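In the two assemblies presented below, chain A is common to both, partnered first by chain B and then by chain C.
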Partner chain A sequence: MYYDPFVLPFTLGLLLLLGYLLVKYGTWFWQLDAQDKKKIRYRLLTRRTLIALREIVAEGLIHRKIFKVNPRLGYMHMSLAFGWFLLIVVGAIEAHIFVKGSAPLYFPIFFRYFVPDQHHFFFSWGFAQLMDLLLLFVLSGLFMAFAKRFNAKTVGLKKTTKLKVVDKFVLTALWLIFPLRLLAESLTSGYHNSGGFLTGSLGAVFQYLFPTEPFIYPAWWAYSLSLGVFFVGLPFTRYMHIPTEMVLIFFRNWGLKLKVNNPVLKAVEIYSCPKCGICIDTCQLNELQNTTKSQSVYFIQRVRNAENYRELAENCLLCGRCESVCPVGIDLTALRLMHKTDFSENKKDQFAFVSERTNTADVIYFAGCMTHLTPTIKNSMEQIFKQAGENYWFMDKEQGACCGRPLKLAGQFQAASELVSLNRNMILQSGAHTLVTSCPICYKIFKEDYRLPLRVLHHSEYINELLVSKKIQVKKSTISVVYHDPCELGRGAAVYQAPRNALQFASNVIENGSSGQNSLCCGGSLANQSLSENNKQNIAHTTVHKLTDNNPELIATACPMCKKTLGAVSAVKVVDIAELVAKQMIVKPVHQKQKAVSVAEFA
Partner chain B sequence: MWGYKIITTNQIDYDKNNRAIRNKILALEPSLRICIACGACTATCTAGNLTPFNIRRMNVLLQRGEYDDLKSELGKCMLCGKCTLVCPRGVNLRNLILKTRETLLNDECHVL
Partner chain C sequence: MQTKTIAIIGAGPAGMEASASLAKLGHQVVLIEKKASTGGHLNNWHHLFPDRRPAKELLQKLKQEVNHSNIEVMVNTAVHEVKQNDYRYELVLSEKNVINANAVLITTGFELFDAAKKEEYGYGIYNQVITNSDLEQLFQADNLAAQFKKPVKRVAFVHCVGSRDAKVNNHYCSKVCCVTAVKQSIEFKERMPETEVFCFYMDMRMFGPYYEELYREAQEKWGIVFIRGKISEASQTRDGSLQIKAEDTLASKPLRMNTDLLVLMAGMVPAEGNEHISRQFKLAIGDNRFFKSKDNHFDNQLSDTPGVFLAGACLAPMNITDTISQARAAALRIHEYLTN
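Entry: the complex of A and B
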């Protein structure tokens, strides 16, 4: 029987960890609501589960997404995760071939101690070399991680996460595991004249320098202890992400969504955060001096440790830049927004003064509050509607209410739902088939929360359709335009191509590095409650600076808020797509049908 | 009688007003101190367009320490953020309204 007391720290640590995870995940599963449980039951034995398994390999082990963002960092994570995984799997295969049957849990881990001599079983030489290669693979990643702690630039990061004390303690245990394994295996190999290219040669050197025999046993104890400490500490540190990320991937593939009232998925997402710190560099609040560290990794850390996270919840642009690079795919913006509800008043029936007005039309135009501050946008839209001969109703021309999204962005979901139902009734009564809005903030809530049985278009999409179907025609100018993706429209609602197509009809679009998924926030975000006017302008300055890299003659955007914020600090003129198109539009004489419409509108 | 009556005084007695709440709110959003009461916020207000809600008046009342109808009035705000965007002094009105509502809600029992 292969046994020695030094296997105890490892074995007990592992059993404690497994017990803890069983209880924790069991509780989570039990707390899921009936709807989610039903989803899991129906989807457990479908293709979704296989896709989830594939994702676990691609993301949890190989870290494909990190490779895309930063190859060096990707290699670091892959060598640690995938390398360790292979070390366990190959080690287990080797051990089982050797004993030709079942062995205790700890046996493969301490195989070299129990079987120190060069045995001649199937592929034994190959196994020794392979295990050494894998250990070297892990150690190379460990070396990079070590360098990263001292200088984040070595792996291409500007900043790395500031860790808590308990994280650092367990991190040390984790870092010690592999060098101690190398040491223990080398000493054993040196003494018994065995081992692969790494442990064998290193062992021979040790043996040449000093008698290795007295150090072998303590080295194996140290190795087992470091494993034990890591396993026991894991649930209380960021390493909890290793098992939890798998749960998240399954839940996501089974279609479970974040809900305000259900704590389970929130908890799963929070525990899935590995604190890798990739979100830190993408955050534009970094540019500002003396702001709190409110990046997603710190926000999640506070929520997880049950510390006060209010200031962090409020000091966020909700631009979604961090979410677009998060390698775990945590819904960072939705998660933060839901935690805002913890501090909001959330009362209903405060908007009794909004009276319902309605009008029958084919198309509804909802300009949005912000568009009323940029009258050229709404005037341009009216020109375009008239030119296209559309039977439209300008819903919030006078006495319009807000769409509700600004309330939602402040965490007041209840109050927002009141405005949603008020506006929804008016929209439904009009009998329109399309709703066009000029404001991406409105667009997002119309799409997500209104559940409208009609087409919801942002004006950039609508204008693009009119141009493609030749309902309106424009004269193409040679002016060079750079397009600024508004956060709510781009990352928020995945509308990237339509605005560019529409612009291309009327001008010459040039791209720069910060566009699409990677576009910058203008700083005017309604989500950030605590940002001062100065800081907003600082952000806008940087955004304009990066947008005008290629010296465009115009900056075009599709959001009245972005237009206002960028326009305030930009030397290059900022226009909305609607303005540009309306200016270049070939105006045809108004015919009879349209006249009738405009008369009806004024009546 | 004879078409005359005694009117209530318009005098504001700062000693009677509980200025602690005002100070607390100003600490949470200090930018209100630079408000020049120009009224741009009121002119652009979405809620003000629908009701006699007057955000400039609210700011003045708050600075004076008069909270009587402040809470119910501020409930009409839809937080659309236009006031903040047009403010020539850069007062973060949206946050001010949120913080005022919250402070008045929590400090209800302390209002004199």
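Entry: the complex of A and C
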């Protein structure tokens, strides 16, 4: 029987951890609502589970996404996770071959102690070399993690996260595990003249320098203790992300979604964050002075530690830049939004005064509140509708309720849903087949929350369709235009190509360094009510600066908010796609009713 | 006394009055104006508050004053480059003209805020939307009503357009637009008594002598309605008229009204070339982007650069009374500087 008391810290620690996880995950599962449970039951034995498993290997172990964003950081995470995983697997195989049957839980971990002189079984030499190689792999990652603590730049990050006291304690235990393993194995190998290229050579050196025998036993104790401490401490630290990320991957593949009044998925997402810190560098609030550090990693940390997170929940543009780089794929914007509801009072029946009116039409045009502040956009749209000969109804021309999304962004989900059902009725009664909106903020809620049985298009998509089908035609101008992707339209709704196509019809589109997924936020976000105007303008300045990298003659965007915010600080003129197209539109005589108006008509 | 030359940049009321004062003190003055004529914004106004005398009258007076043998007026002229050598400034002007000055006075004044930047008010989009400056032009005509295509039954004035507005990064008050709105609303009523006149304000800043009296007259004699609240947007209705949305902050309720004319009280912003001038003379610019004087109370006409002085609306929004006083104060400070 292979046993020694020093295996106890490891074994007890591991059992405690497994027990804790069983209770924790069991409770989570139990708290899921009936709908989610049903989903799991139906999907457990489908391909989705296999896909999830593959994702766990790709993301949880190999960290493919981190690799893509930052290869050095990716290597660091991979060597730790995947290296450790392989150590366990290969170690288990080795032990299995040796005992030719099953062995206690701890046996593979402390194999070298119990079987110090391993020249006697199948492929033992190969195992020794392989295990050493894997240990070296893990140690290289550990070395990088160590360097990162002191200088984030070594792994290509500008900023890294700060640690809590428990985190530090458990982190020390984690850092000690592999050096102690190296030490224990080397001492043992030195004494028994065994081991692979690493432990064997190091052991020989030790043996040459001093008698190793008295240190062997304490070293194995220390190794076991560091493992035990790490396991016991894990639930209280960020390392909970290791098991929880797997749960998240399963849930995601089974189609479970974040919901306001479902605490489980929120918790799973919160616990899945490894605090890699990638979200910090990508956030534009970073450049501002005197703002609270409210990047996603800090926000998650606060929520997890049950500290007051109100200020952090509110100081966020909900621009989605962090979400697009988060390697764990946490729904950072939705998550933040849902936590905002914790602080906003939900008033009911606020909109009793809005009367329902409807018109029959083929196409509904919903300009949106923001577009009413940039009348050139809605006027251009009316010109385009008329030119296309469309039978349209300008739903919010004079009176009209808001789409509801600004309320949602403020965390007032209840009030927002009242507006949604109000507008929805009017839309359905019109008999229209298409709804066009000028505002990406409205677009997103129409698409996601209204459940409309008609086509919902942003005006950039609609204009592009008209141009492609030649329902309207434009004279191409030679002016060079850079396109600014609005957050809600790009990252928010994945509309990237249609606006560019439409622009290309009417002008000469040039790209800039930060477009598409990487595009910057204009700073005008409705979501962030706590940011000062001054700071919003600072963000807008940087964005304009980057947009005009290639000296465009014009900045075009597809959002009234972006137009206003960028326009306020930009020396280069900012226009909406609709304006540009309407200006270049070839007006056919039949439709020519309107002519340009100017102040000069008074004189 | 050896004659000294002073270069004055900007021939608005401030530059003109300072030139005259310095000439009377025996100095040589070169008055540099980038536009084709002198007079600055005075050229654009019809009648002046508070006494509503014709702006032309004042303009004539200033023109007579600068018609002095010690004053050389250079119009259509800009300052390109400045070199400093021991207490003398060498100014390189348009067409490579060079003048040497012992002191420089900056009186570049202001520019009207570009109301099109507040797109929600529809300036340049709807032809029923004009600015205070446009209205002064319209007042020049004998028959005001004939200037509009459709009858104007109602007019609304919007205060604080481009002033006191963090969204356009102008936090300051332009000071003269409240009283201008009061003056213009009375002038409107005088010419078209049937028209209803509304003013939408945030606060009424009646700081000067007889301003408050003018405000009272507007309400009591002319029945002009003052509503405390900011207009959020203007839009065109189906019949082509203009609809404005506002919140009446005294009554705390939202308000919607149709109007035939919207007059935007555009505020003052620093003149465009000020940045260039500040770089050439190493002058400080304040947070409000106007020039910054050496000391707000004691040395308001001095800049941080010795020999360079400041006066008028290039320092902050102000009326003509204050502009003229500052111009004379600057002349005195320059005289002291040159004779010591």
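Just so we're on the same page, the second predicted complex is superposed on the first by the 589 of 603 C-alpha atoms of A that agree within 3 Å, B and C clash if a C-alpha of one lies under 4 Å from a C-alpha of the other, contacts with A are read in each partner's own complex, and residues count from 1 in each chain.
Note that in this section contacts are C-beta pairs under 8 Å (C-beta built on N, C-alpha and C of every residue); 3 or more make two chains touch, one makes a residue touch a chain.
Worth saying up front: this structure is predicted, and the values here are computed from it rather than measured.
With both structures placed on the common chain, the touch criterion links A:G567 to chain C but leaves chain B unconnected. In the superposition on chain A, contact of A:P486 is made with neither chain B nor chain C. Look at A:L419: by the touch rule set out above, it reaches chain B but stays clear of chain C.
Using the contact criterion defined above for the overlaid structures, shared-chain residue A:E533 touches chain B and also reaches chain C. Within the superposed three-chain model, A:K397 lies in touch with chain C and out of touch with chain B [touch as defined at top].
Looking at the shared chain after the overlay, A:H372 reaches both chain B and chain C. Chain A has more of its residues touched by B than by the other of chain B and chain C.
In the superposed pair of complexes, A:G320 makes contact with neither chain B nor chain C. By the touch criterion stated above, A:G200 is placed in contact with neither chain B nor chain C. With both structures placed on the common chain, the touch criterion links A:P406 to chain B but leaves chain C unconnected.
Residues 372-373, 398, 532-534, 564 of chain A touch chain B in one complex and chain C in the other.
Touching chain C in their complex are the following residues of chain A: 372-376, 379, 397-398, 532-534, 537, 564, 567-569, 597-599, 601-603.
Taken together, the chain A residues at the contact with chain B in this complex read 343, 345, 347, 350-351, 353-355, 369-370, 372-373, 398-402, 404, 406-407, 409-410, 412, 419, 524, 526, 529-534, 561, 564-565. Interface of chain B with chain A (complex): residues 31, 44, 46-47, 49-51, 75-76, 78-82, 85-87, 90-92, 94-95, 98, 101-102, 105.
Looking at the complex, you find that chain C touches chain A at residues 117, 119-120, 122-127, 129-130, 134, 137-138, 147-149, 166-169, 232-238, 243.
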